[in-house]
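Chain nomenclature is as follows: A, B, C, D, E, F, G and H, assigned in order of appearance, with residue numbering initiated at 1 for each chain independently.
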Amino acid sequence: MKNDIKKILESVKNGEISVEDALLELKSKPFKDIEYAKIDFHRKVRQGVGEVIYGASKTANQMIGIISTMLENGQGSILITRLNEDAAREIKKIHSIEYYEEAKIGIYGPLKKPNGIGKIVVATGGTSDIPVAEEAALTCEFLGNEVVRLYDVGVAGLHRILGHLDEIMSASVVITIAGMEGALASVVGGLTDCPVIAVPTSVGYGAAFNGVAALLSMLNSCASGVSVVNIDNGFGAGYTASMINHMEVKK
Amino acid sequence: MKNDIKKILESVKNGEISVEDALLELKSKPFKDIEYAKIDFHRKVRQGVGEVIYGASKTANQMIGIISTMLENGQGSILITRLNEDAAREIKKIHSIEYYEEAKIGIYGPLKKPNGIGKIVVATGGTSDIPVAEEAALTCEFLGNEVVRLYDVGVAGLHRILGHLDEIMSASVVITIAGMEGALASVVGGLTDCPVIAVPTSVGYGAAFNGVAALLSMLNSCASGVSVVNIDNGFGAGYTASMINHMEVKK
Amino acid sequence: MKNDIKKILESVKNGEISVEDALLELKSKPFKDIEYAKIDFHRKVRQGVGEVIYGASKTANQMIGIISTMLENGQGSILITRLNEDAAREIKKIHSIEYYEEAKIGIYGPLKKPNGIGKIVVATGGTSDIPVAEEAALTCEFLGNEVVRLYDVGVAGLHRILGHLDEIMSASVVITIAGMEGALASVVGGLTDCPVIAVPTSVGYGAAFNGVAALLSMLNSCASGVSVVNIDNGFGAGYTASMINHMEVKK
Amino acid sequence: MKNDIKKILESVKNGEISVEDALLELKSKPFKDIEYAKIDFHRKVRQGVGEVIYGASKTANQMIGIISTMLENGQGSILITRLNEDAAREIKKIHSIEYYEEAKIGIYGPLKKPNGIGKIVVATGGTSDIPVAEEAALTCEFLGNEVVRLYDVGVAGLHRILGHLDEIMSASVVITIAGMEGALASVVGGLTDCPVIAVPTSVGYGAAFNGVAALLSMLNSCASGVSVVNIDNGFGAGYTASMINHMEVKK
Amino acid sequence: MKNDIKKILESVKNGEISVEDALLELKSKPFKDIEYAKIDFHRKVRQGVGEVIYGASKTANQMIGIISTMLENGQGSILITRLNEDAAREIKKIHSIEYYEEAKIGIYGPLKKPNGIGKIVVATGGTSDIPVAEEAALTCEFLGNEVVRLYDVGVAGLHRILGHLDEIMSASVVITIAGMEGALASVVGGLTDCPVIAVPTSVGYGAAFNGVAALLSMLNSCASGVSVVNIDNGFGAGYTASMINHMEVKK
Amino acid sequence: MKNDIKKILESVKNGEISVEDALLELKSKPFKDIEYAKIDFHRKVRQGVGEVIYGASKTANQMIGIISTMLENGQGSILITRLNEDAAREIKKIHSIEYYEEAKIGIYGPLKKPNGIGKIVVATGGTSDIPVAEEAALTCEFLGNEVVRLYDVGVAGLHRILGHLDEIMSASVVITIAGMEGALASVVGGLTDCPVIAVPTSVGYGAAFNGVAALLSMLNSCASGVSVVNIDNGFGAGYTASMINHMEVKK
Amino acid sequence: MKNDIKKILESVKNGEISVEDALLELKSKPFKDIEYAKIDFHRKVRQGVGEVIYGASKTANQMIGIISTMLENGQGSILITRLNEDAAREIKKIHSIEYYEEAKIGIYGPLKKPNGIGKIVVATGGTSDIPVAEEAALTCEFLGNEVVRLYDVGVAGLHRILGHLDEIMSASVVITIAGMEGALASVVGGLTDCPVIAVPTSVGYGAAFNGVAALLSMLNSCASGVSVVNIDNGFGAGYTASMINHMEVKK
Amino acid sequence: MKNDIKKILESVKNGEISVEDALLELKSKPFKDIEYAKIDFHRKVRQGVGEVIYGASKTANQMIGIISTMLENGQGSILITRLNEDAAREIKKIHSIEYYEEAKIGIYGPLKKPNGIGKIVVATGGTSDIPVAEEAALTCEFLGNEVVRLYDVGVAGLHRILGHLDEIMSASVVITIAGMEGALASVVGGLTDCPVIAVPTSVGYGAAFNGVAALLSMLNSCASGVSVVNIDNGFGAGYTASMINHMEVKK
C-alpha cells in the first residue's frame, strides 16, 4: 500500500494527474473497486488464491451476478460457502460450479495445487461434525493445501486418535472440530507441537447449548498452541490454517 | 420404614400406646431426633459409617456443640467439611480432631476400615484441583474406602494418564476432578468401564467462568457412565462413590 | 489391555510376528476394529451386554449397515437410541427390530436376563417426562436390569412419592427424571440411601429455559448421593445405573 | 385520590383557592410531602402501620435525619432494613432503636399488635437462610402479624417439614426461604392451600450461582399458589405476606 | 390431614380395620385416589372450586378420559389450560366444554359465582400480552372472582394507566402482565396498596430474550407488595390471586 | 400539559364545566382519546409528523381499522412497521399504502419534506443488515429527514468506510447497524463528532448469539457519543435520530 | 479532513514538500500528535470544549504528566473521570484541580459557559444512583450545558416524577439513571418528546445482576426516543447529551 | 514417537530387554520423566526453546524446587508466568531470575536469539491492556521472536492504528489485545494478510462482563484469519504466535 500512495504522489508531482483526481484515488486507494467491494465479499482472499463468497444471505441471482463480475475481472477460481442446494442448482445453470452437498460449498474453477509447508490435518470428534469439517477441508484444498481427514476420533475412545498419531505428529497445522464437550482440541494439542485451530460445533443437545460447551472447553484448553474460531466456522479455521501453512512461501 | 409404621400401628392395636402418642410418633417417624436434625446435618450419613457436619456456615462454638451432642448420642466418628483453620483450632481445644488443611476437613475418631468392593481412584487434571480432590479422597476414606490418588494427570499430556492405565482400569469407581476444560472425565470415561463421577472445579480464569466451562464439558461427555456433581463438590463425589463402592456389602 | 500388549511383545520375542506388524498392531490395539469404530458407536458397551447405536445423526441406511456389520461380528443384541419412527420403519424392512415409539428406541435381539444387584427405580416428576424415562428404563432393561417405573410422582403432591416409599427405599439405584424445578431428585435423595442419578428434562416453559432450571436444581441438591447427567439424557442415566447395579457381578 | 381531586376542584369553584394554587396542589396531590419523599423511602408503607427505611446505601447521619423528620411528622414506629452494625450503633446515640443483628434490622418504637387474618409461617431450607428469614419475620411482626418460625426444614430430610404439617396447613400465608436447589417452595406449595411466597437466597456455591438456581427452581414450581420475590429479599416477602394477611381487615 | 390419620388410628384401635389395611391407607392417605392423581392434575384445586387440567402435553383422548373420570367423581366444573384448538374440537365431541381461543382455555360446567373479597384487576402493558391476560382472567373467573380487565395500559403512555386509577386503587389484587421492559408492575405497585402479582410475558424481540428482561425487571421492582410468577404463567397468577381474594372466606 | 390543566381549572371557576366533568377530563387529560389509545399505538409520534403502527402482533383487519380511525381523525401520513407481505396485501385492498418489502414497512400518504438540521447517515456492516437499515432509513424519511445510505462498509475492509469519510464527517447523526462483532459503531464513533446511534442486528451465527455479541460490543464502545438501541430495532434508531436532527427546529 | 489531504497534495505539486514527506504526513494525517494520542485520551473531545482523561487505570503521576502536556499544548480546561480521592490529592499538589468526591471527577480550569440549545435534565430512580448521575451532570456542565438535577424520582412513587413534569417536558435532553428495574426510562420517555439517554446502574442486589436487569429493561423500553449507554457510564451519557444539546450551535 | 516404539520392539526382539521391561517402557513412552511431569508444567515447550512454569497456583518454594530440578536436567532458560512480586523476591534469593513486574513474568537465563520467519506485532486497544500484552510479548521474546509493540492503538482513534500500517502489514503474525468492545482484531484482520491471534482482556466495566464482550466480538470477527484465545491469556497467544513464526524453521 505504501507504494500505491507513493506512486500517486509522484504522479501528482509529475503533473500526470490533477490534485482532484489524486484526492479521489487516495480516498479509494489502496483498495480498488470500492463499488465492487460493496458486493459482500464476506472474507476476502487477497493473495492470488481465489475469491470467496459467503452464500448464506444471498439469492442465487445475486451470487450469479457476483461470479460473473469476478470472472470478468480475471478471477479464475471462486469459493462459495454456506451455499444451499437450491441456490447451487440455480447457479449451475449459468456457471459450471462443483457443489459439495455435505460441506454446502460450491467451487468454480480448478483447485490450487498444494504448495504449503506441509499437510493440514482436519480431525473431528464424531460423525455429526463432518459437515463443518468438510467446509474446513475444502477451504484448505481450495487455497492450495494438502488435507488429511481424520473423522470420528473423539476422546472417549482414545485408540481412535492414538491410532493416527503419525498423521497428527507430522502435520503442519491441525484443525480439531468437535461439539459436545470439545475435548479433542486439548488431547490433540498435547500430542503435537504444531498450531492447533479448534472449531466448536453446534452438535449435541441439552447442556451443549448449541456449541457453547465446546467453545468454552476449547478456550480453556490446557494445551498450548490452541486457538479458537466461532462455532461451526469451518471456513475460518481452514482459511487461518492455510495462512499458517503458507508462511514460508509468503516471505 | 414400613416396619416402623407397622410396629406403631400394632402398638396402637395392642393398646400399648394411645392414639395421640401414635399420631405424634407417626408424624415424626421414621426419622427420630427431629429437634436434633434441626441442627443442620448437611448431608446425613445413615449406614453406620459416621456423621457429617457441613462447616461452611457454622461458628466454632456451634460445631463444638454439635460434636458434643453427637458424641453423647454414641457417634464414634465425625467428618467436618469446609472447615477453616481458625475454627479447627478452636474445636481442637475441646475435641481431639485431626485437621487436614488442604482439604479443609476435620475428622474426629478413627477412619473406618476399608470394606468396599474395590478401590476408588481420585484423579485430577492439575495441581490446583488437589484441594477438591483431597475433600473427595478423605470423604471416601472416612466412609471406609481404599483410595488411589492420581493427581495432575490432565489430558494435555496424555502420557500422564496413560501411565496409570492399570489403576484406572482396575478401579471400582473413578472420581475425575478438573477445572478449565474438564476433558479428563471423557478421557477417563473412555478408558474404564466402571462408573465415573466428574467434579468440575473453579480452577481457571477468563472463560472458565469459575467452573462453568468444566461443568458443561463434563455434562456433555461423550463417554458413557459419567455423572456429574456440583462445582468443587468433592464431598458429594466422595459420598456417592462410597455408596457405589459399597453396593455388594449393602445387600 | 495390559495382556494384549504383553502378548504382542511376546510374539515379537518369539519371532512369530515382525517388528513392523507388531508396530501396526500396537498402534491399533488394545482396541480392535479401528475402522469399525469409525462408524460412530456413540456410547460403546463393552462387557458382553450388547452394542449401542446413537441414531440421532444417522440415516436409516447407515444404521442398517452398522447393524449388519455388528451381526456379522457376532453381536446378538443391539440398542438404537434417538431413533425416529421413519428410520425405524426403514430398518425393520431389513432387520427385525422392536421399536418403542415413546422412548424413540429400537432393540434388536432379546433383552438380557436381569442379573443386577437389585432393582432400578425410574421415577418422573410428571407425565411429560415419560419419554426420557422410557429411554432410561429400556436402556436398563436392555443391559440386564429389573426396572420399577414410578411416573408422575412430582413433589408438589408429596403423597404420590410417599405412597411408593417401599419401592424407593428398597431400590438398588434410583433414576429421578424431572423438568421444571427438578425438586424430585432432592426429595428422593433424602428418602433413600442408594445412589440417585438425576436427569433434568427440557419439560417446562419460560424460566425453565429448556431444562436449565432443573439442571441447576439437581446440581445443587442438598441430598447426598445425587449425581447428574445431561438434560434429557435418559440413556446416560440408564447406562450409569446399570453399571452401578452390576457392581458385585463385575468383580 | 378521586376525592382529593374533587375537593380541590370544589375549592376552586367556591373560590377558596386560586387556580394557581390548585394547579400546584394537583401536581403534587394525591401524594403530599413531595420534598420529603425525595428522602429515599425505599418501600413506603401507607396504611398506618409505620414507615420503612432502606438502610443499605445510607450513612448513619442520613438515617438519623430521616428518623428525626419522621418522628416530627408523627410517625410512631419505624423499620430500618439492611442496617449494618456500625450504623446501628451511631443511630442509637440519638434515637432508641432496637437492633436485630442477624436480620440486620433496626426498629424504632413498639411493634404493632398482631391483627391479621391468621399466622404467617416463615420456613427455611437450612440454617444459612436464617438471616433472610429473620428479615422477613421481623418485617411481618413490625407490620402486625403473628409469625411461626420453621427453620432448617429442607426437603432432603422430609421428616423435618412433615413434622410441622400442622403449622403449615393452618397458616394464613407461608414464606419459604431457600438457597441451593430451592425445592422447599414446591413441597410446601403442595402441602398447603394458602398463598406461598418464595424467597430464593444466595446460599450455596458453584452452580448455585448466588441464588439463581433457587430462583429458577421457584419460578418453575409445579405447585400452584407460589409466587416469587428477588433473591435474599426477605423484606419484600414479609411485606407482601402482611398485605395478604390483612386482606379481610382492609375491607 | 391430622384428623384423617387420627381417624385411621382410632379405627385400628377399635378393630374396625386391620393393621395391614391401616398401613395401606396411611401410605396413601391423607390423599386419596392415588392412581387417579397419577393422571397429571398439574395444579390441583382443592377447595371445592373445580378441577384443573394442564393440557399442554396431553392428547385429546387422554383429556377426554380425565374429564370423564372427574365427572364420575362428582366434579361439576373443570378448567383446561394450554388447550389447543384441535384438541378442543375433539373434546367437544364428547364433553360440552366452552373454548376460549385467545386464552387457549376450555371450561366444562358453569363458572363459580364471584364470592371473593373484592375485584381482581388484570392489567397488560400491550395488546400482545392479552392471551396471557385472558388465561389469568378466566382462571380467576372460574375460581369465583370478579375480574376487571385493563388491557394495553403500558407505562410509556402513563395516561392510560392513570385514567384507570379508580379501578386499580379499589382492587383486591392486581395482576400486571407485561413483556419487553415489564415496568408496569412497578408503576402499578406504587399506585395501589393491594398485593400485585406480576407476570412477565415472552412478548418482545432482541434483548427481551423471550421474557427474561421483563422477568428481571419485575423481580427487581422497587415497589413493595409485588411478587412474580413464571414467564407467560397466566394460570399461576390467576390461581394465586384467587387464593388471596378468598382469604376472608377461607377462615 | 400545564396549560391544559390550567384551562380546565379556569373553566371550573367560570362555571363553564361542572366539577364532575372536570374530574373526568382531568383523569383523561392531557391525553385525549383514551379509548383510542387502547388500540396499540406502539410508539406514538406527537409532533405533527404522522402516526406509527407497530404491525408485528396485529391482524390485517385490526390495522385496517386503526388506519381508518386515524384518517377520520385527520391524520395524513401513517407508518406501519414490522408489516408482513400478506397483511400488506390485505391492507392495500382498502387503503392505498406503499409497501417496502425489505424493510417490512408500509406507508400511507406522502413522506414529510426533509426539514432537519442536516443529513442522517445510515451505515451497515454487511448486506445482511440492510433490512434493519431500511427500517431505520424509511422511518427517518417518513419523519422528515434526508438520509444517506452507506451499506456494507464493515470494518474488516476499512477502505469501505474510509472511502465515505466525507458523508460521515458531515452527517448530523449517524446510525450504525451491524451484527457479528458490531465494531462499526466504535470506528464510526471515532471518525465523527456527531451523535452515533448503534443498532445491533441478529445477523451472524454461533457465538453471535442472535445479536448479543454486537449488542455488548456496542455498549462497550470506546468511542464517545455512541448510544445503543435494542437488537434489530431500526425504527427506534430512526425515530431517535430524527428527534436529534430536529433539535433546532423544535425550539 | 478532505482539505487537509488536498493541501498536502498541492504542496507536493508545488514542490513545497517532497514526496517522502508527503507520504509521511498522509500516513499520520488528518490526525496530528500521534505520539501524544498514545497517552490514553479515553474519549477525546475535539470541538474546543476541553479535554478528558479517563482516570481509572492511571497513576497520579501519569495523570500529572498528561495534564502538564495538555497545558503546554494550550488546553485550558481538563476533565478527569473515575478519579479516586488519593490520586486527586496527589494531583492537587501540582495542578489546581477541583475534586468532586461523589462523582469521582476532577476538573482543571473553569467550566464552559452554558451555550446549548436548552437544559439537560439528569433524573435518577433512587439516591444510590446519584454518583453516576453526578458524573453525567458534571460532564454536561464541563461541556457547556445547563443541568437540572431530579434525583430520587423512581416510578414506584409516580408523584415524584409527575411533580416535575414541567422540567421534564421542557428539557432539551433527559438523562435517566436507574438501577434495579430501570423503569424510569420508559416512563420519562413517554412523558417527553426530547431524546432520552438511559443509563443503567449497578445499584441493586440479587437478580439485579449488577445492572443487567436495568440494562435489559432500558433496551426494551416501549417508549420511543430512548437510547442506552453502558452500565454506570455517566460520562458517556453526559457527553452524548451535550452533543445533542449543541446540535444547532454546531451547524 | 513411532521410532521410539519401534526401537523398544527391536530391543525385545534382540533380547536386549525383557518383555516385562518393554511393557513398562511402552506404558510410559514416548514421554519420559512421568514423575517429573507430575510437577505441573502448565504448558510445556518441547522444541529446545526452554521450559515454562505456570506460577499462579504455586508457592515460591514449589517453584524454587521445580527450577532446581529443571536446571539439574540441563535446562538453560525458564519462563515463569503469573508470578507475583512476593514470590519473585523469594525465588531471586536462590535463582537469579529477571522479574518483569507489569507482565508478572520471571525469566531465568538468556532469551533465545530471534530466529523466526519475521516479526510478531503485539498491538493493544488501550493502555490498560498492556500487562496482558507484555505477557504475550515476553513469551514471544523468550521463545526466539522479534517483537514490535504497538500499544494504545484502539479503533476509536483510527489514526493510531493507520499510522502503523507498515509494521502491521509487514508482520509475520499479529497479536491483537483488547478489552471493552474488542474491535481491534477485526480492523487489524482487515489490514493484514498474516494470521491474527486475538486476546480479549478483562478490561472494562458494566456490560464488558470481565472480557466476555471482547471475547464474543473477537469470535465473531468478520475478518478472515483471526483466531482467539482465552480472556487475558497473553502467554497462550505468544506461544501460538511463536509456533507460527517458526513454521519454516521447524521443517
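We adopt the following convention: a contact is a pair of C-beta atoms (placed from the backbone, for glycine too) under 8 Å apart; a residue touches a chain by one contact, two chains touch by 3 or more.
Computed from a predicted structure; not experimentally measured.
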- Query: What chains touch chain E and also chain F?
  - Reply: D, G
- Note on the structure: If you tally C-beta contacts across D-E and across A-G, the winner is D-E
- For chain B paired with chain D, centre-to-centre distance based on mean C-alpha positions, whole Å: 38
- Item | Chain centre separation in whole Å, for chain E relative to chain A (CA means) | 54
- Message: I'd like to verify one number: the distance from the centre of chain B to the centre of chain F, where each centre is the average of its C-alpha atoms, in whole angstrom.
- Response: 59
- Can you list the chain A residues in contact with two or more other chains? 2, 27, 43-44, 126, 156-157, 162, 165, 206-208, 212, 215, 219-220, 222-224, 230-231
- Which chain pairs here would you call touching? A-B, A-C, A-F, A-G, A-H, B-C, B-D, B-E, B-H, C-D, C-E, C-H, D-E, D-F, D-G, E-F, E-G, F-G, F-H, G-H
- For chain B, which residues count as touching chain C in their complex? 1-2, 42-47, 52, 117-118, 165-166, 169, 172, 193-195, 197, 215, 219-220, 222-231, 235-237, 239-240, 243-245, 247-248, 250-251
- Note on the structure: Listed in rising order, the residues of chain D that touch chain F in the complex are 2, 5-6, 9-10, 12-13, 15, 19, 22-23, 26-27
- The residues of chain F that touch chain A in their complex are 126-128, 151-153, 156-157, 159-160, 162-163, 165, 203, 205-208
- Note which residues of chain A are touching chain F in the complex, please. 27-31, 34, 37-41, 43-44, 56-58, 200, 202, 210-212, 215, 230-233
- Query: Along chain E, where are the residues that touch chain G in the complex?
  - Reply: 125-126, 154-158, 162, 180-183, 185-187, 189-191, 204, 206-209, 212-214, 216-224
